[in-house]
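Listed below are the structures to be examined.
Common to both upcoming complexes is chain A, partnered first by chain B, then by chain C.
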Partner chain A sequence: MTVLFGIFLLTLLVVVAIGIVRTGNLFTAVMLTGIFSLLMAANFFVLDAADVALTEAAVGAGISTVLLLGGLALVPGRERNRRRLHGLALGIVSLITLMVVYATFEKPRLGDPSAPVHQHVAPWYLEQTPILVGIPNVVTAVLGTFRGYDTLGEVIVVFTAGIGVLFLLGLPGAIGSRKTEEVQPGNSYLGHHLIPQIVGTLLIPFILLFALYVQFHGEYGPGGGFQAGAIFAAGMILYSLIAGEREALQVITPRVLIGLMASGALLFGGVGIVSMLLGGNFLDYNMLADNPVAGQQWGILIIELGVGITVTGVLLAVYHAFAARGR
Partner chain B sequence: MSIASQLPALQIVVPLLVAPLTVLLRGSGLAWAAATAASAMAFAIAVALTLTALDGATISYDMGGWPAPYGIELRLDAFSALLLLLTTGASTLSLLGARDSIAELMGESREPLFYAAWLVALAGLCGIAITGDAFNVFVFMEISSLATYVLIAAGPDRRALTAAFKYLIMGTVGATFYLIGVGLVYMMTGTLNFADMEARLAEVDEVRPIVVAAGFITIGLALKAAIFPLHVWLPNAYSSAPNLVTVFIAACSTKVALYVLLRFDFFVFHGNLVGHAFQFSSFLAPLAVLGILVGSAVAVVESNVKRLLAYSSVAQLGYILLGASFGDLAGMTAAITLMFNHGLAKGALFMAIAALAMHTRGHTLADLSGAARQMPWTAAALVIAGASLIGIPGTAGFISKWLLLQAALQQGPLGVVAAVAVVAGSLAALAYVWRIIEPLYFGTAEGSTAGGSTAVYTATPPLLLLALWLAAGANVYFGLIPAVPVSLSELAAAELLGHLR
Partner chain C sequence: MELLGLFNYWVFAVLLMVGFYAVIAKTNMVKKLLGLSIFQGAVFLLYITMDKVDGGTAPIIQPGVVDAIYSNPLPQVLILTAIVVGISTTALGLALIVRIYEAYGTIEEDETQRLDIE
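What follows is the complex of A and B.
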C-alpha cells in the first residue's frame, strides 16, 4: 500500500515539477510550488515522518507560497526572455539524474530493518530516548538535544534569512527611511471581501491556539518550534490580509519583530551558555535541573520556544518587508 | 569545568550569539564595536586553540554532552586550527578597518543588520573548520553562505545584487551536491560523524553509492571553493562586494570549502575506495594547472583591480590544489601553507585597494594613477602584499611557493611540468602586480579619467591604515619566521595522509 501511494505521489511530484519549469506564467509557477510542497508533505507522511510533513506543509505549502506571492506583486506576472530548452543544461541535469539512479542500485530496500541506517545510531536513539530524555517523540529528542547544536544552526539560518531580507528591502518604522505611518491604512487585500473577512476573523484565534498546541505538544506528538512558528506567523499574516498592513504593524510593531527575531536565537543560545556556566558542555541540558531527565525536558521546552519565537519573528518581518514594498 | 576546555565551543558560540545581540543595538558605531570585539575575542580563542594544536594534540568536544556518533562532535587538530587562525584573523582585521567605509555605504539603521550578518558568516566559517560531523558542516555551510550573500549584496551598486544572486544559485547547487553525497554515505553507513564514517565504510561491500557520493561531495565543494572551471561566480562576487567584505571573503571563504574537500576526501574516501587517491590526483592536477594558467592570463589583461585580484585568486587556488594533488607529505604541506599565506597576501592586497578606493572612487587601474604620492603608507603596504603574492623572498608568499616548487620537483617528469606552471604563474603574478604598482607610483593624478570620478585625496582612516599595516606586517613576519604556519601545515598534512591505507 505504501509503495502504491509512493508511486502515485512521486509521479505527481515529477509532473508538477515539469509544470513549474515549463510554465511562463509566474503566478501559475507559484501555485504549482505550493502544490509541490503539499505533495512532498504527503510523501513524508506516507514514510511516517509526521514531523517533517507538518513542517513542509506549514512552511513549504503555506508561508513560502505567501512570500512568493508577495514577491510576485513587485514584478510582472510573466517571464521575460523565455529561452527554449538549453541543450547543455538538459544534458548535465540528465547525467546527474542517471548518476543518482545508478547510486541507488545498491541501496538497501526501503524499510529494510537490516539496512545500515537502522543498525547504528537509530536503535540507540530509540532505546535511550525514554531513559535519558523521558519523552515519547524520539524525533523531538534527536532535534532538540542529541543534535540540538544543528538545530541552533538552523535557527541561525532562519535568523540570517530574516536579516538578509530586512537589509535589502527595509522594514517601515525600523530599517530604512520609511516610517510605519507611510504604509497605507486598512482595506487592503481581503478587507473588502466580506466572506474571507468574516471566516478569517473567526479562524485567527483557532490558528493561534493551534500554533501554541503544536509548540508545546512537540514532546508527545509531531510538532515543535519550527512548525508552531510558521503556523503562528500564518495566523498573523491572515490578520494583516484582513485588517490591513498598517494595523498589523501596530499590533506587533517593527521593533518588536526584530526583537523577536533576535531573542529567540538568544534564548536558544542562552540555554547553552547556562548549561556551560553550570559546569556542563554547551547545550548539555542535564545540568539544568537536579534530575538529568527533568533537565533535558526543561532544555527542550525552552529551546523549542526559542525556535518558535525566531521563526515567527522572521516570517512576519519578511512578509511585512515584501508587503510594504508592494505599495 | 575550566574555561580552557570550553574553548572549542566558545570559538563558535561567541560570534554566533553576539550576532543577534548586534541586531538589537542602535546608534552609530555601536554595532561595529560589538562585532569587532566579538571577532577579536574569536581570534584570541583561535590563538589559544592553535597553541594546543601545535603540540600535535587533537581536542574533541561533545556538544550537548552526548558522545559521538550520537551527538555532534567538535574536533580540533592542526588543520582546523590553521583555518580558524586565518578566518578569525581576516575577519578581525577587516572589521577593524571597516567602520568608516561601511558607514559611508549604508544608512545607520542598516548597519546593525550588516554587522550581524558579518558575525554570522564568521561563526559559520569557524563552525565548518572545527566540526567533526558531516551534517554539521552542511548546516554551518548554509549559515556562512547565506550571510555571505547578504554581505555581498551590500555592495555599492546594483550589480552587487546580481552577483550575490548568481553566487546564491551556485552556492546552493554546491551545498545541495554536498548534501546528496552525505545522504548517500549516511544511507550506507548510518552515521554522520567523520571518524565513525571512515571506520564503518571499511565494512561496506557495495561501493557504488559511495563512489557516486564521493563525486557529488567533491564537485559540490569544488564549486564552493571556486576551483577552475567552477570559478565563474567568484570574480563578480569579489568585485561587487563592499571592499572590506571582499577582504574577508577573499582571505578565507574559498579556503574553508577547500578544507572540507580535503578533509572529506582524505579522511573518509581515500582509505576506503580503491584507487580513489589516484583518481583524485589525476582529476584535479590538470584542473589545477589550467586554473593557474587561465587565472593568471586573465589577471594580466584585466583592467578592474578587484577583478584582477579575483582572477589571481583563481590561479592561487590552482597552486593549492596542485600541491594537494601530489598526494605526498611535501605537496600537502605546501598546499596547506599556501592556503594560509595566500589568505594573508590577498587579504592585505584587497585591504590596500579598499583604502585606496575610499579616495579614488573607482576600481580601474587608471583610477589609481599617482595615488602613491597622496597615500604613501597605503601604497607601500600594497607593494609588500603584492611581493608576498608573487612570492618574493622575505615574504610569506615565498615560503609557500618554495615548498610547492620543492614538492613538485620530487614528482618526476610530470612534476617538472607542474613546476613550470608554478613559475609561469609567478611570472604572470609579477606582471599583474606591476600593473597595479606602476600607475600607483608613476602615473599622473590627471590620468584618472573615469566618468565623474573626483579624486578626493584625504587621509586614510587611521584604523584602516592600522589594520592594513598589521596585515602587511603579518606577510613579512610569516616570511621571516614561518615556524607557526609551516609546522601547523606539516602536522595537518601528516594527519591527512595518515588516513591513507
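What follows is the complex of A and C.
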C-alpha cells in the first residue's frame, strides 16, 4: 500500500515538474514549484525521513514560494519568445535519461537492508548515539555533533548567500541609502482580503510558538535549528504580508536582522572555540560539562540555537530585501 | 514487481533531466532558476531514496523498543542542510536576475546577449 502511494506521489511529481517547465506564465510556474515541494515533502515522509520532510515543507513549500513571488513582483511575469520544444536539447536530455535509467539496474532495490550505504558508518551512528550523546533523534545527533563541521560549513554558506542577496538588493535601514521610513507603509498584498487577514493574524503567535517548539524539541522529535528558523521566518513573513512591509521592518529592525545573521554563525563557531579552550578539539562538546554526555547535549542545544538564529535572520532579511525593493 | 524497487531512481532520472532541459533550452532566467531547483530536488530524492530500509522507521530511538529497524540517518542529515542551502542560493540567483532586469530591461538571455553585443 505504501509502495503504491509512493508511486502515485512520484508520478504526480514528474507531472508537476513538466508543468513547471512547460507553462509560459511564471506565476503559474512558481505556484507549481510550491506544489512540487509539498509533494516532495510527502515523498520524504513516506521514505522515513521525517526531519527532511519537515524542512522541505517549511522551506520549499513555504519560504521559497514567497521569495520567488517577491522576486517575480520585480520582473516580468510572462516568458517571452517561447519556442515550442527545443529539439537538440530534448534529444540530449532523453539520451541522458535513458543512460541514467540503464545505470539504475545496478542499484540496490528500494529498502534493501544489505545495500552498501547501510553498511558503512550508519549502524555505528544508530548504535552509539544513545551511549555517546543520549538523545533519541539520531538525525539531530549526527547533524550537531558527529558531523558538526559540515553543519558549521552549511551555516556559513547560508550566511554568505544572505550577504550576497543583501549586497545585490540592499536592505532599507541597514544596507544601501534607503531608510526604513522611505518604505511604503500599509499592506498591498492582502489588503482587500478580509478572511486571510483575520485568520493570518490569529495564526501568527501559534506559528512562532511552534517554531520555538521545533527548535528546542529537536533532540527528541523531528526538528532542529534549520526547520525552526524557516518556520519562524515564515511567521514573520506572514506578519509582513498582513501588516505591511514597513511595519514588519519596524518590529524586527534591519540592523537586528543583520545582527541575527552574524550572531548565529558566531555562536556556532564560538562553541567550537570554547571547547578548544577547555582542552578538547574544535566542536568537541565533551568538554562543555563535567559529564561528557551532558556536555554533548549542551553543545547540541547551543549550536542548534545558533543555526536557528542564522537561518531566521538570513531568510527574513532576504525576504525583506525583495519585498522592500518594490515598495 | 522486483523492478518497482527501482521506480524512485527512474523518477530521479526523469526529474533531473526535466530540470536540466529547462536550464539548457529555456531563455527565460527565472525558468532556468526553477529548472535548477527541480534538478536539485531530484538529487534530494536520490539521497533520501537510499536511506530507506524495509520495515524501517524514522531514526528516532524509542526507549524500551528493542528490535526496531531504523532508516539510515546520514543521507537525511546531508539533505536537511542542503535544502536550506538550496533556498539561500536560489534567493541569490533571483537577486541577480532582479538586478539584470534593472540593468537590461529584460530577463530573456538571448536579448541580454544581443544588448551586450550592441
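Please note the rule applied: the second predicted complex is superposed on the first by the 323 of 327 C-alpha atoms of A that agree within 3 Å, B and C clash if a C-alpha of one lies under 4 Å from a C-alpha of the other, contacts with A are read in each partner's own complex, and residues count from 1 in each chain.
Convention: a residue touches a chain if its C-beta (ideal position, glycine included) is under 8 Å from a C-beta of that chain, and two chains touch if they have at least 3 such contacts.
Predicted model only: the values in this text are computed from it and were never measured.
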item: Combined model on chain A: chain C and chain B, fit or clash; value: fit
item: Touched partner set for A:L212, first chain B, second chain C, both or neither; value: neither
item: Which of chain B and chain C A:L126 touches, first, second, both or neither; value: second
item: Partner chain(s) touched by A:N286 [first = chain B, second = chain C, both, neither]; value: first
item: First, second, both or neither for A:I198, with chain B first and chain C second; value: neither
item: Touched partner set for A:L168, first chain B, second chain C, both or neither; value: both
item: Apex chain A: angle to the C-alpha centres of chain B and chain C, given in degrees as a multiple of 10; value: 60
item: Chain B or chain C, by number of chain A residues touched; value: C
item: Touched partner set for A:S177, first chain B, second chain C, both or neither; value: first
item: Which of chain B and chain C A:V100 touches, first, second, both or neither; value: both
item: Chain B versus chain C as contact partner of A:A17, first or second or both or neither; value: second
item: First, second, both or neither for A:G269, with chain B first and chain C second; value: first
item: Nearest-approach distance, in Å, of chain C Cα atoms to those of chain B in the combined model; value: 5
item: On chain A, the residue positions that both chain B and chain C contact, one per complex; value: 100, 104-105, 107, 115, 117-118, 121-122, 125, 147, 150, 154, 157, 161, 164, 168
item: Residues of chain A touching chain C in the complex; value: 3, 6-7, 10-11, 13-14, 17-18, 20-21, 26, 29-30, 33, 36-37, 40, 43-44, 47-52, 55-56, 59-60, 63-64, 67-68, 71-72, 74-76, 79-81, 83, 85-86, 89-90, 92-94, 96-97, 100-101, 104-105, 107, 109-113, 115, 117-118, 121-122, 125-126, 129-130, 136-139, 141-143, 147, 150-151, 154, 157-158, 161-162, 164-165, 168-169, 220-222, 224, 226, 229-230, 311, 314-315, 318, 321-322, 325
item: Sites on chain C touched by chain A in the complex; value: 2, 4-22, 24-28, 30-31, 34-35, 37-38, 41, 44-45, 48-63, 69-92, 94-99, 101, 106-108, 110-111
item: Interfacial residue positions of chain A with respect to chain B in the complex; value: 99-100, 102-108, 115-122, 124-125, 128, 145-150, 152-154, 156-157, 159-161, 163-164, 166-168, 170, 174-177, 258-259, 261-263, 265-266, 269-270, 272-273, 276, 279-286
item: Chain A contact footprint on chain B (complex, rising order); value: 1, 6, 9, 13, 16-17, 19-21, 23-24, 61-66, 69-72, 107, 109-110, 113-114, 116-117, 120, 123, 127, 135-136, 139-140, 142-143, 146-147, 149-150, 153-154, 161, 180, 184, 186-191, 200, 204, 206-209, 211-213, 215-216
